[in-house]
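Heads up, the next two complexes both have chain A, just with different partners, chain B and then chain C.
Coming up: the complex of A and B.
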C-alpha cells in the first residue's frame, strides 16, 4: 500500500487493508505457500533421519521408470484427443443454439445441455457403468438385436474412458462456443454466401476466426478438467486406467512417498500451465479475458 | 447454415437427427441411473424384475437396506452438507469482500492480484489437494517440534476439506459477485449518503439489496460445487468421507441399487436448486 506508507494510515487506508486481508490470506495460505511447499518437497531427497538435501532424484526417477512417463504422456495425449473430439461434437450443437433454433427452443436446448452438469460426476459415471458393463444395459440390447451372440464387456477400454471424458466436458465447451457464436453477425454469413462462398469457406474464413476466443476458452478449460480428472478414468478404465492423477494419489496416499508425489504433481501442473499458455499464444488472448468469459 | 439462407432438406434432417442423438447421449446415463433405483433386484443391471421402493425404505439388517436406513450413507450426506455450508459461507463472504476491493479501490498490484485470484481455477483439483495437505502437515510438524502443540485440524479431515474446496470456489464467488457489482449505479449510494445515511446504513439498505440475487445465486452454486467436489476432497479427507468419496469407494467394490436411490435423491435436490436459481431474477448469476 503505497499511500499507507507515505502518510499515516487514513481511514480509507485502513479500510482498504481490511478489505485486502481475506484475499491475501486466501491466496497466500491456500495457493502460493502450499505450492511452494510442494516445490520444496519435490526438489529434495532424504539423506538421513529428518535430514534432507536438495536433489533432482524424484524427477530422475520419473524419467527412469517407463511406467511413470508412459502414464504421463498417455494422460496428456488422451486429454488432447478428448478436447478435440469434444470441440467437434459440441460445435454443431452450439451452432444450433446460437444460430438456428429460435427463442424458447434455443433456451430449452441450452438448458438441456446444462442439466447433467448440475449432478455430480459420480452419478453420471454410475450411469455409464450401468450402461456399459458386461451385465449392463447396452450389451443386453446388443444381444437382443442379434448384433453379438454373448454380452461383451464395454467397460475398461480406452474408448470407454474417452466417451466418459467427452461426456463430462460437453458443457464447458458449449457455453463459451455459444457465447462467441451469438455475437457473430448473420449479415457477414449472408454476404459471404451472396459472394459465392460455400459452407466450408464460410466456416473457415468467417465463423472460426470470429469464434476463436470461445474455441480457445473452451479447449483450455476442457483440457485442464480432463487432465485433472480422477473419477472417470479410474472407474470407467478400471484398475489399469493409467491416468496420471491416479499415479499422484498412489504416491501420496498409498505409498506415502510425498517427494515423488509432489514431483508428479508439479509435472502435471507444468504441463497444464504450458498448454494454457500455448492456447493463449495461439489465439493471441490474455488470461484474464479468457477466464472472464467462462 | 443460418435460417435466412436456403438450407437443403437433407441438412435440416441431419441437424434434427444430430440434436436428438446428442440429447440421448446427454440423458441416457441419468435415465438409466434413475430407472434402476426402482428395480427389484440386488444389482443395478437388467433385466427388469419389477418395481420396488426397497432401495429407499427397506430396513432388513440381514438383507436389503434402503438408503434412509443405511447409516454410513446418511452420515456421509450429512458430512457433505456440513462441509458445503462452511464452504458456502466462507466463499460468499470472501467473494463479496474481494468484489468490493477490486471494483472500488485502486492500489498497487491490483492487476496482479486479480490475475492471481483466477489461478485456482486452472490448477487441477488433485494438485490443490496435495499442496494444501503438504503445507498443512508442514505447519503441524513445525508447531509440534517447536511448541509441542498438536493441532488436530491441520491433519487430514473435514476442516482441510473445507479449506481445499474453498480455495477454488472462492474464485468463482469472486467472479460472479464482481460481475454483478460492476453494473451497480454508484449514484444511488451517493444519494443515500447525501441524504445523511451512514456508511453502514447505505451498505445495508442500498448495496446489499442490490446484490441479494447474486449473493443467493453464488451461495447455491458454491454449495452445489462443494457437494459435487471429488478431486480436492479425496486428497484431504480423513476417516469421515463426504458422499462423493463414499459413493466412489462403493462403486469400486460393486454397487448395489442403494447408490441409484441416492442418485435419484441428488438429482431431485439439484433440480429443486436449479429451479429456485432460475426463478431468482432473469439475470442468471452463473459465471
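Coming up: the complex of A and C.
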C-alpha cells in the first residue's frame, strides 16, 4: 500500500524536477559555478609559479588604493542619482500612458518608449556621440543659434554619462510604473479631491503609496542596470569615465589580474545588494511583494 | 420652505453630439433626501458629477447653499460624495480614512482623532479606527464611506448608487440605515439610483430622469399614484401597459378600445381626445379579482396563466379572454385566492381612477 502510494508521488517529483532542470542548469552553470570560481580567484594570492595561497590581499588592495574605492563610491552615487532622475522623468510619462491616454493612443505611446530598444545599446550610444561630439549636431546648432561662439565638446562629462544612463533606463522604469498606475482606481483620486485634497496631497497620499511596489521594482531594476553598465559610461564618459565596471574590465583584460578583477566583481555585488536592501528598508517594501506584484 | 441647499438652473452638459443633461432645473430643500431615479445612461451620473465639481456644465448654473459653483474646484465645494464602489483608501486605516478630509483642512491631530472617533461611534463602528479597510464587511465599509464624508459636515452629501455593490439582504438593511442616518444628521442628501424601490423608500422627493431630462419631480407617493408621463408610470413600480385608442372622453374618464376586442376605462392624464392613440398603465394592485360566474359585476374575464407567489407581493398572471393580452393582478393579502389553479377562469375589474391613460406622442417613444 505504502509503495503504491509512494510510486506516483515520486513520479510527480521526477516530472517536477525535469521541468525545473533548465532553470536549475542555468542557475548552476551560469551563476553559481562562475561565481564560485571567481570567489576562489579573489580570495587567493600567487605565492610562486603556479602556487597560490589563501589571502585577502585583493580586498586589502581595494581599500589601500584611493582610486579604487573612489571610483567605487562615485559609481554608486551616480547610479543612485541616475535612478532617481529616471524615476522623476518616467513618472509623468507612465502617468500619461496609464491614466490620460486611452486605447490606441496609450498603445502607441508605449510603443514609442519601446522603439529605441530595437537598436543595440552600443549603436544607440554611438547615436548620442554623433549628436554631442565637438563636430556633432548639437554643438553646431548652438553655434548657429549664437548661444556659443565656437563648438564645444559635449562628450566626456559626468552629465553626458548621466544623460546616457537615464536614456537607457527609461523603459525599465516606465513598464513597472505603468502597470502599477493602471491598477489605481480613478475613484480613489476623485474621492481624495472630493475630501479636499489638492494635487500634491493626492500624489503623496494616494498615488505614491499605491504605486510604491512599482516604483521600488523600477528603481531596483534601473539601479542594477546602471551600476553594472559598461558601454554607456565608457563611450560617453571616455576612457577616464571612472566607472567601476571599467575598472573590473581593466583588471581582467588589460592587467590580466583575474584575482583583483574577481574581488572587484564581488565588491560590486555586495554594494548593489546593500543599496537595494537599504532602499527597500527606506521605502518600507518587501522584495517578494515588489517582484510579485510587477 | 427655507432656502434650498441645492439649486440647478437650466444645466446642460454635452458630450460631442450627445446631450447627456438637457437643460435641467430643480431645487433641493435643506435637510431633505432627494433622489434622482433613472435607467442607466439617462444622465444622472453626469448630473451628480457636475454637482460634485468633476464636470463643468456647458450651460446653466449650479448653486450650493446659495453660492454659485461655477469655476469652483471639487476640493473647494461644500459637497462630499459617497462613491459607487465607495473608494475607501486601501492604503490607510479606517481612522485615517475618516480623518483624511479633516487633515486637509488643517485640523490638529488630536482633534482630528477625536472627531473621527466620535463619527465612527455614531455610525456604529466604535473602536474600528485601527482596522484595515479590507477587514470590514460590506455594510461596515458603507458606513465608513458615509462617516468619511459626514465628518466634514458638508452642506450636501452626494451618493452615487452606494448600495449597488451589496447583496440583496444587506441592501434592504442599509436602505433603512441610510434613511435613519439622514434623519439623525439632518444633512441634505442627493442620492442617485436606478432602483425605484430605493428611491421610493428613502426619499422625500424624487426626480425621475430620462434622456437627460426630468420627467417628473415629486414625492414618492406622487410618482406612484399620479405619474404625469408614460415613462414615470412605466418606470416607477410595476404596471400593466395596454395600448389602444380613446373612444369616449368624458371629463377625466376615458374609454379605451385596445383594438382587439377589449375595452377598459381609465383616468386621463394630460390632453386626450376621441380617436387618439393612447397607452394605459394599471398597477397590479389596482385590479381586483372575483370568481368567474359569481354574482357582482366584474367586467373583464380571463384565465389564470400562472401564479407568482412572492409572499406579500404575490400576483397572478391572467390572459384576458378576448384580446389574449397578459395582465398582472396582485393577490389580496387575505389569502382569499390562494387556491387559484392555472387554467381556471377568473373575472377581474380595474379601478378606473387608478388606471392612467396618456396620449401617445408620435415624436418620441415612451
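Things to note:
Keep in mind that, in the parts below, the second predicted complex is superposed on the first by the 253 of 294 C-alpha atoms of A that agree within 3 Å, B and C clash if a C-alpha of one lies under 4 Å from a C-alpha of the other, contacts with A are read in each partner's own complex, and residues count from 1 in each chain.
Following the convention adopted for this analysis, contacts are C-beta pairs under 8 Å (C-beta built on N, C-alpha and C of every residue); 3 or more make two chains touch, one makes a residue touch a chain.
Bear in mind that the values here come from a model prediction, so they are computed numbers and not experimental data.
Once both complexes are superposed on chain A, the partners chain B and chain C fit side by side without clashing.
In the superposed pair of complexes, A:210 makes contact with chain C only, with no contact to chain B. Geometry note, superposition on chain A: angle between chain B and chain C about the Cα centre of chain A is 90 degrees, to the nearest 10. In the superposed model, A:30 lies in contact with chain B only, and not with chain C.
The partner of chain A that touches more of its residues, comparing chain B with chain C, is B. Of the two partner chains placed around the shared chain by superposition, chain B is the only one that A:248 touches, whereas chain C remains out of contact.
Of the two partner chains, chain C is the only one touched by A:201; chain B is not. When both complexes are overlaid on chain A, the residue A:46 reaches neither chain B nor chain C.
By the touch criterion defined above, A:190 lies against chain B and chain C together after alignment on the C-alpha atoms of chain A. Chain B and chain C never share a C-alpha pair closer than 5 Å once the two structures are laid over each other. In the superposition on chain A, the residues of chain A contacting both chain B and chain C are 190, 193. Of all residues in chain A, those touching chain B in their complex are 1-2, 16, 19-20, 22-23, 26-27, 29-35, 37-38, 41, 89, 92-93, 96, 99-100, 102, 109, 112-113, 115-116, 118-131, 133, 135-137, 140, 167, 170, 186, 189-190, 193, 199, 202, 220, 224, 227-231, 234-235, 245, 248-249, 252-253, 258, 261-262, 265, 268-269, 272-273, 276, 287-288, 291-292, 294. Those residues of chain A that touch chain C in the shared complex are 185, 187-188, 190-198, 201, 205-206, 209-210. Across the complex, chain A is touched by residues 52, 54, 73-76, 79-81, 83-85, 87-92, 100-101, 104-105, 148-149, 152 of chain C.
Taken in their complex, chain B has these residues touching chain A: 1-5, 15, 18-19, 22-23, 25-33, 36, 43-47, 93-94, 97-98, 100-101, 105, 107-108, 113-128, 130-136, 138, 163-164, 166-167, 170, 175, 224, 227-228, 230-231, 234-235, 244, 247-248, 251-252, 255, 259-260, 263, 266-267, 270-271, 273-274, 287.
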